[in-house]
Each structure stands twice: as C-alpha cells, then as structure tokens.
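Inspection log for the structure reproduced underneath, given as structure tokens.
Per-chain numbering from 1; labels A, B, C and D assigned in written order.
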C-alpha cells in the first residue's frame, strides 16, 4: 500500500463510535481526529488513543486536514457537514440516507465532482459478506431471472436519537440492496405507513416497488417488533435465495423443475436447499477498507453518490405514497427539491 | 349424540378424497355416497367401503338423500352443485372460494336461507388448532390492539387442476383468517400480481389490505417458491404472535416495554418468546366435526356464508387492483355481479 | 401383482390400530381379521370394515388362516403369539424388540425357518424415507468412513402400556439403525441408566457402543424430556449427515478439507450444508409394502430375524452395563438365555 | 472505583490478543505491557497503543510490575509463567486448563495462597450471559432437581497451535460448567476417544460423568465436525433448559405434569417453551471485569483455583478411561502427580 490515509470521524453517536473503532486499526489508515458537540462522547472516543477531539466539524477540518472524513451526524446535518469536508478537500463517506432532501443530495454530488474528491454513501449492507456472495451468484446467473425481492427489517424501538421516520432510517438499506442486486431502477411504488408511538414519525411501514424490468420488491419495515429480524428473500426462476443479514447466512432453495428444462420456465418443484459457507466479517470494516482502496486507486467510490440519490428518491416516493394513499411513479419525485 | 348424520361427498380430487376419508370415520356421521365424473376416482373412493359411487351430483342426491353434502368440485361448478344440494334439502359445506362470482355466492346464500338449510364455507384454517389458540388469546386481550397481520403462503407449482389464479386459490385462506382474527372488515386493498408460468392465471402475488379499524394486512402468496411455507405474523401492541400453519406452532414474542406501562403504548423492547403447546389435529377433521355439531344444534354454521362472500369480495378487489394498478375500495366491488 | 395377500393384526394398542389402518388400504393386501382381548379396541378396529374381530390369537388363526400376521402385542407375549402364527403357517411381522429374551428370539427364528415362513421384525426406522436416502448415500461412499453415530430419542413419558424400560422400548430403533447404516457389529457397550418415575423400569439412559470397525455409537434416550426429539447424526470423514426422523429431513454438512485431498483425512473445515428433498411417506406403510413384496417374492424378509436378535443382544448388554457399572462385551451376552 | 489496576498479558496467540484488546478498554484497568516470543505478534499487539512489548515473561514482570497478569501461553508453560507472575507479586488469571498436571496445578494454588495473591482460572463459559441467567434460575429452583446435563462442543479442526488433545483443550469448559451448575463433584467417569487426524492427540471424544448426587453428565466433544456447535442441555424434573453458548440463547421447556403436582415427580408432559431475553455481552469482558472487581475487593477470585484443579482431575480421569476402556473413579486420579 503506497501511503497511509489520514482519517477523521465527525459525529460520535453509536454508529460514529463504530467508525472510529474500526478506522483505529484499519491497515493503511490512521485515525487522526474525531468531533462531536457532546464532550462526553468525544472523551470516550479519544480515550487511549493519541488523537485530538473537537467540538465542531469546522475546527476538526481546519486543524487536522484529513484525507477522508466519515460524516455520521443526524441526517438533517449531512449536507452542511459533508459540504464543509468537501470544501476542505477531503474525500467523504456520508451515512445513509445521503441527505435530508433530493436537492441537498444533488448539491453534495455536484460539489464533490467539482472538488475532485470521492463522495460515497454508507450503504453498508452491500459490504455484508452474505450479500456479496449473493451478488456474485446472481451475476453468474445461478438463479436466472429475479422475480421478486422481499426485505424484512424489523425490531424493537431504537433508543438512539432519530430525526426521521422508519422509512428514511431503515428503508434505504433495502432499497439500495434491491437496486444493487437487480441492477435495475424502480419505476413506481405503493406504501402504507402508520405512526403508533408518539414521535411524530411513522414507525410501521409496508411498501411495494415495481422495477422497470418487471421484478417486484416488497418492504416490511418497522420499529414495533419485539424481536430483531433483518432478512432478504430473492425469488428467481431457478430457485430462491435467502439472506439473514445479521447472522451473515446465505441459502439457496433450488427449483428442480426449472433446472430440468433450461431456457423454459416450466414449473417449480422442491429441490435441495444449500447453505453456503460464508467467512464472517464486520460489514463496516469491509466498507471502510473499500473506501480506502478507492481513494488510493483514484476512484470510483465503492457506492456512488448517484446510488444514494436514487435510494433517497425511492424513499421519498414511498413516503408520498403513504401520505396520499396512491401509487407514486419515480418520475413524480424526480423534480422534488 | 342424538342421531347419525348421513353425509355425501361430491367431487373427488385430492381434497374431496380427504373429505371422504375423514367422514368415513367421524363419530355421528355415516358416509353414504360419493360422486365424481371420473370413474377411477370413484372406484378408489368406494374401495373397501360399503357405499355407492355416482357419476353426477344429481344422481347422488336423487338416490341417497344425504343430510349434508361436501361440495368439493372446481370453483366454476360450486353454484350449480351446491344449489342442487340445497334444493335436495341437504345442508351444504362448499369449499372456498364460496363461488366463482359474488352474484353466484349471494344466490347460494339466499337459497340456503330460503330452504332452511345450513350453508358453510370450507375456510379450513379457522379449524387449525394453532389458529384457534391464537384467536382465544387475542380475544382475551393478550396482545392488545392488533397493528399488522402478515400472511405468507408460498410453495411449488401445484399439479392438481385449477381453474383460477393464485389469489382465488390460496388468498381466501388468509383473507378469511385476517377478518376472523381482527373481527373487522377490509376497507381498501392494493395488489401487484404477475403471471410467469404460462397458465393464463397469475401465479405471483402481493397485496396490502387496510382494515376499517386501521390494522394493516399483508399478503405474500405465490406458486413459484421451491419450498413450502404457510405462516402468519400478528403484530400487536403488547407483542407479536407467529403461526406456522403446517406445523401447527404458535409463538408469542412479548413486548416488555408495553407490559411495563399498561394502557400506554410507550415503546417496544425484547421480552421472552414463548411457544405454546398445541394438541395437533387435522384441521379438516375439526371442521367437519364442527359442521356436524352445528347441524345437530340447528345452526349457526361454523363459518357463515357471509364470511365466504366477504373473502371473495376482497379477492375480487385484489384482482382488480392488480389489473388496474390502483388501490380498490371494497365499496367498488360491492356491486359487482 | 400376482395375488392378494390375506393379512391379520393381533394386538390393537395404538401401534396395532395403525397396522390395521394401513393394511386396510394397502394394494395387494386384504385385511381379513383383527384380535385383541379388549372388546372395545376390537369394536373400534372393525367399525366400518367388513371383517371379524377376535378375542384371542388362537381363534383368529384357526378361523381365518391369514397369509401373514402382524404381532403387535406386549413384548412378553411376542414369543407365544408369533409362534402360534408360525405354526398356523403364516408369515409373521413381529414388533420390536423381537422377543423378551434372546432364547425366545432364537426359538422364533428357528421355528420360522423350519416352517418355511418369513419372520421379520418391525424395525420401522429403516423404512423412514430420510433413512433410506441416507443409507443410499452412505453406500455410495458420499461421506467416506463413518467415525461416529449419535442418536437422540427423547420425549414425554408415554401413557401407553409398557412392560419394559426405555432401553428395550426405544433403544432397538437406534441400535438397529446403527448396525444397518454401518453394516457392522457392536463389540462392546457401556451404559448408565436411572429410574426417576416410579414404574420399576429405567426411564433415563445413555449408552456408548463400540463397533468392530472402530466406529463410536452414542445413545441418548429417555422418557423425561418435555419435548419430543428423534434425531440421528452420522459423522463421517467427508462430512456429517443429520436426520430428523419425525420430520423426515436429511442434511449433509460437507467437510471441505477432506474433499480437497481425496484419500487422505487431512483436516476438517466448514463447507456447504445441503438439505435434500425427501418425498415424505409413512414409514409403517413402506414397511408393510416391503413385507408384502417379500412374501410375494418368496423372501428374504425386509429385516431378517437375525437383525432383531442382534439388536436385542445389544440392548441386553446395555442393560447389564447399566446394572454393573462396567463395560460389557457382546460375547458376554451371546450365551444369555 | 478506587484505583486503576495495571494489567499485562503474557502470550499473544489468538486468545491472548483478545485479552489485550479487552483490557485496553476496560474501565478501571490500564493495559501496561504484553509479552510473546513471537516478535510479529508483539508488534501487532502494541500497534496504536502506548505500551511496551516484551519477548519474555521475566522481562515484562521485572520491568513493569503489573497488578495482575493474564497467562495465555501453551498449557505446558502455565506453571512456569504463572509461578513467575505470582512470585512477582501479581494476581494471576491463567487460561484453562489450569496446568499440564495436577501436581503443577496444586503447586500454583499453594504458591498463590502463600504469596497472598489471587489466582483464577479462565473458565470463560461461566461468564457467558446465558449461563449466568441459567445458574440464577437453577439456584432459584425453577427446574427442581437436575437429572442430566449434556454438553456438545464440536467443530472444525482448529488451526491454532495446540499441545494437548481435544479433552484437555475443550473438555474443561463443560466439565467446569457442569460442576458449577450442579454444585456437585464428579464421582466416576467413562470415556471413549479416537485419534483420526495424525496429530498424536485424540480428536474425537465422548464421555459420561456420574456426579455424587446421582446426576448424569454427557460430553460430546470433537474437532472433526464441519459445523460449529456449542450447546448445553440441562434436564430437570420440572423441565429442560437449553443453552446455545455462541448465540447466548437460553430456553426452558416446561414439564406440565411436574408443575401440576409439586413435590412428587409424577410424570412428564409437554408444556410451553420459553426463550428468555439475554443482554448479549462478550464473556471475556465479563470475566476480566469480574477479576478486576475481585482484586479490588480483596478476593475471592471469580473462579477459584480449586475449580480449575477439579476440572483438570476430571479431564485426567476421562483420558485414563479412554486409554484403559474402563470406568475411572475420581479417587483414582486424586493421587496423580
């Protein structure tokens, strides 16, 4: 590796603290600074590490000039902080969703391009080893055409601070994974949402996505389930893949009938189920290594800003559908500010 | 038991053969005849049983005058055969869906009422011991308010003869169970469906139901999955119930936070999960015993015709939504023929 | 099929009633009579069937002269009833264990041979479709050498009548399966047993079997577990098979390292796990069809009497080890009466 | 917390590196030094930490005078290194097994007592949150009398360096847990072991333990299984507990019949199964915090040396039984050197 990259973390909530922990022992990276308005969080993050902590992003950027910055602040501050980092000449990883509005997201993407820095979005599930193995198998054609993708991401009510509802908080994970796996764009969506716990934001959500190529996407997301589940089902012509994100487990249920008559989707019968061996790794570590490598290689970013914008547009369309009770086409949100 | 009821089965496909098998050794019931246009099916059904087999419903009804009849013919013939049985003075169990059209269903219900016979619909999942235990617990208030019900009913492509798509074939099971558990009516629906195997009928389906009381229903149904799953999830304020229909397993995931502050839906945290012991029974047997008991008691039928009509109306609304790409209110289908 | 075999069932406890149910609709077989000293059991078994019921085996045999008989009486009566059937010229299936003592078992085997009738033992797990598929794969060499076989057969205390302890009641199932799968004989055993519920018989048991070829057998059997489990694990050089007897599920966990270096048992690493599709069938039905076919073919019996004797000898050795606290070699029990 | 304890880690294999990682951010503890003869391991362990690394235990002890030391060296070196630490006045945590021989173990215990330092053994499974919750429930009497404990600890062949066989490497975990949960001593054992991979040490093992109070212990341990399982089953009069060590899951299968008639062990029937919520924590962290607290409190150690000696004695008895083919009483090994 040619050189060591100097990295900083801005925002030290539970996710930001994880970024700091991982960067601290990532080869080829030196964690040089952290920042958060909460002094206690800063104190914990610098403990036992020979690095300074700052109250503001501005101070951190001015004093330490990092090569790259992880922006792990509340969504409403993504644009302001990421923009400051870009202007300071740093490559930027911004947590998902990329920004609070489509316009803000586009401004960030434009600014990064003008500044010649890499802007990537923390769509961390792409770096889950089980998802990477699934993507590899799909690209090899193991399943044939994808007919339906279902994601279920449910669990207890989170105690961390949120300034958005469950769609914007959790939805981008699976929206991005569906786009990534299908290599296709969402055409229209329909959604229902409810708000049961008095936070002013929706906490129970179900959505349907129609992709241009005809595949069907189902989202089942909420903060009201007293057990945690993060799962994905990819129904294909030749069989069904299932992913348990948390356990990093990938299985394939083979359709014997499809296998028997290649090229013709004749029928569906039960074949063997195989669970593939997956070498477990922390997705955040894989993500940050990928960003490091992209910076050293001069790009492109592991997840382009355009993917973050597309995922945000789908989330906006889902919110609008939940509010209007009608299907929403992605064209309708393309012009949203 | 005051008297033995004389029973007949019309239609001897795989489900009809099951009716005959169960009725043959149900206490208080004597299987007196079976009918099917397929001579081989008749031969098998009467083998080792001292009963006559008929080619037509008309012949069976005329010669044996049964107390009750199970109508297990293709959906398109439900009205004709059930009507003949009603006119012959027999109580009737008709398999789901109750009829091919809402008008036909209403004609059957009216005819049964005029004739003073019981008409029941084979919504068999109500008689699944795990569902009965769930209903009892919901009615006792264990879960508090129901927020969402999800049903998944998927599996390989069926080789038996079908004259309908997957919504009409499998959907009524879960539509009926949702209405039954929630004790509420569907207000509007949205659906997406696809037809991948060239049968002229949809084989991949996803639907959302909005109930009048606000609960959300999700249907995930298809014939394209190379492993069988029939499951139900009932998300409530105080916890989540799950049912595995086939294995007759009922679990409850308790929400500790809700339990802590009765009356206020404060939060959701992970509490214990409990799997209840269920005495396994064949649902068809429970269903036929319930019908026998209802006949001896002079009514009401275990599942009223109105429930069959309501489930059919929801299925019709889902089909229409799948065709139009728009949400459909139940009022819109109320006037369908 | 050349001719229809006339069959009878002697003993109508829960297992005997199952024999009658299955024989009543087995092609090529005609159930001609049943017998049990309990009049109510006889009444139930003949209900709806045009066959006579008897109080005694002697009467049944004298009056109906069946081609073959299923002997499903308490173990203490196996010899007497099976001997009577043999003397009446019938082929005999006797439930496991083959007899109450080794001497009785040998007398039965000798008598059958002299009479020229087939004697088979109801080691039903051999007819479990998951076990048959496992046997086929082992014989093809998929796993390589078998290193260890573990069986766990536990559940609630049975309410049916038993005149033996848990070793003789449940042990023969897995002892027979281990001999069958390994195609090898047990050399010595060690066992620990306890009696916790006051029945005079042991109800908690653990045993270790050493096979001549070096494989290790582990038995974990009791009536004190408040959930039912019947499972088998076959650890081989190239991977591990697991069987869930009740669910008829067969899985294989591949050892990648073994696969990499054929012929040398180099190491063990985690490879894929595969669950094979198994066409589910009732093992008793498969067993009785196999006996029917063996009779028509003029033998040999599906499970030879020698297998029943060998399984009984191992069970006797296990009991003796549990009593003495010492390992017992099979040679020691060979001369037992 | 009154003061910060200065800690050192001697031995930096994979387990030693974990000790260093955890101690580095344990409140109330300051990691002051590490040692290992392998320079590369030392380099990795001190990277990003302001601490010195040593080649030898002697140098580390002489120069840094730690308050406590974790001894994570090969078993054959336990005595030498732990003794040096004790002589340097440090409290000592030695990994399991406590030493290579019973005599060595006793010498360590005596030395620690004379020196007035705490000596504890790394029986880490006691600090598994699921085990702690189980112990609490057993002590409260939830299960009633324990009848049988089964442990299964199997998985692929380990690539780390070992100087002992599978009994000494993995067995002490479960031997210790059984003694701890039962609060009872092993009376006699029986074992079978095999060596299939040419390392000179046994790699396939099964053992039976008889406790003084009558409980039965079963050990199923090997390095030949191509999937990892670490599980525990505690069969009690009133139900069965199960633990998945790795997933930190604790379940209870209630025996309804026992519950119905308190005081009399009448029968066993299937009651509900409950999975308790467990707050997941890294056992090593809990263990090291417990040792820190014990040092600050002036003792006693979290796991006394006597427990380590007892577990080693049982392991020795199991090895001897495996070699002789006979049961071995614990009295027989009590006088072993």
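Here, a contact is a pair of C-beta atoms (placed from the backbone, for glycine too) under 8 Å apart; a residue touches a chain by one contact, two chains touch by 3 or more.
Predicted model, so just to flag it, every value in this text is computed and none were measured.
When contacts are scored as defined above, which chain pair ends up with more C-beta pairs, B-C or C-D?
By the number of C-beta pairs in contact, the winner is C-D.
What's the call on chain A versus chain C, same or different interface residues, using the half cut on shared numbers?
Comparing the two copies, chain A and chain C contact each other through largely the same residue numbers, since over half are shared.
Distance between chain C and chain D based on Cα centroids, please, to the nearest Å.
41
For chain A and chain C, what's the span in angstrom between their mean Cα positions?
55
In chain A, what residues contact two or more other chains?
Correct list: 256, 270-271, 273.
Within the complex, which stretch of chain A touches chain D?
Against chain D, the touching part of chain A is residues 24-25, 47-50.
Using the touch definition from the top, list the residues of chain B that touch chain D in their complex.
Listed in rising order, the residues are 256, 270-277.
For the complex, which residues does chain C have touching chain D?
Residues 147-148, 150, 156-157, 188, 190, 192, 194, 196-197, 204, 206, 208, 210, 214, 216, 218, 220, 222-228, 235, 237, 239-240, 253-257, 265-271, 273, 325-327 of chain C touch chain D in their complex.
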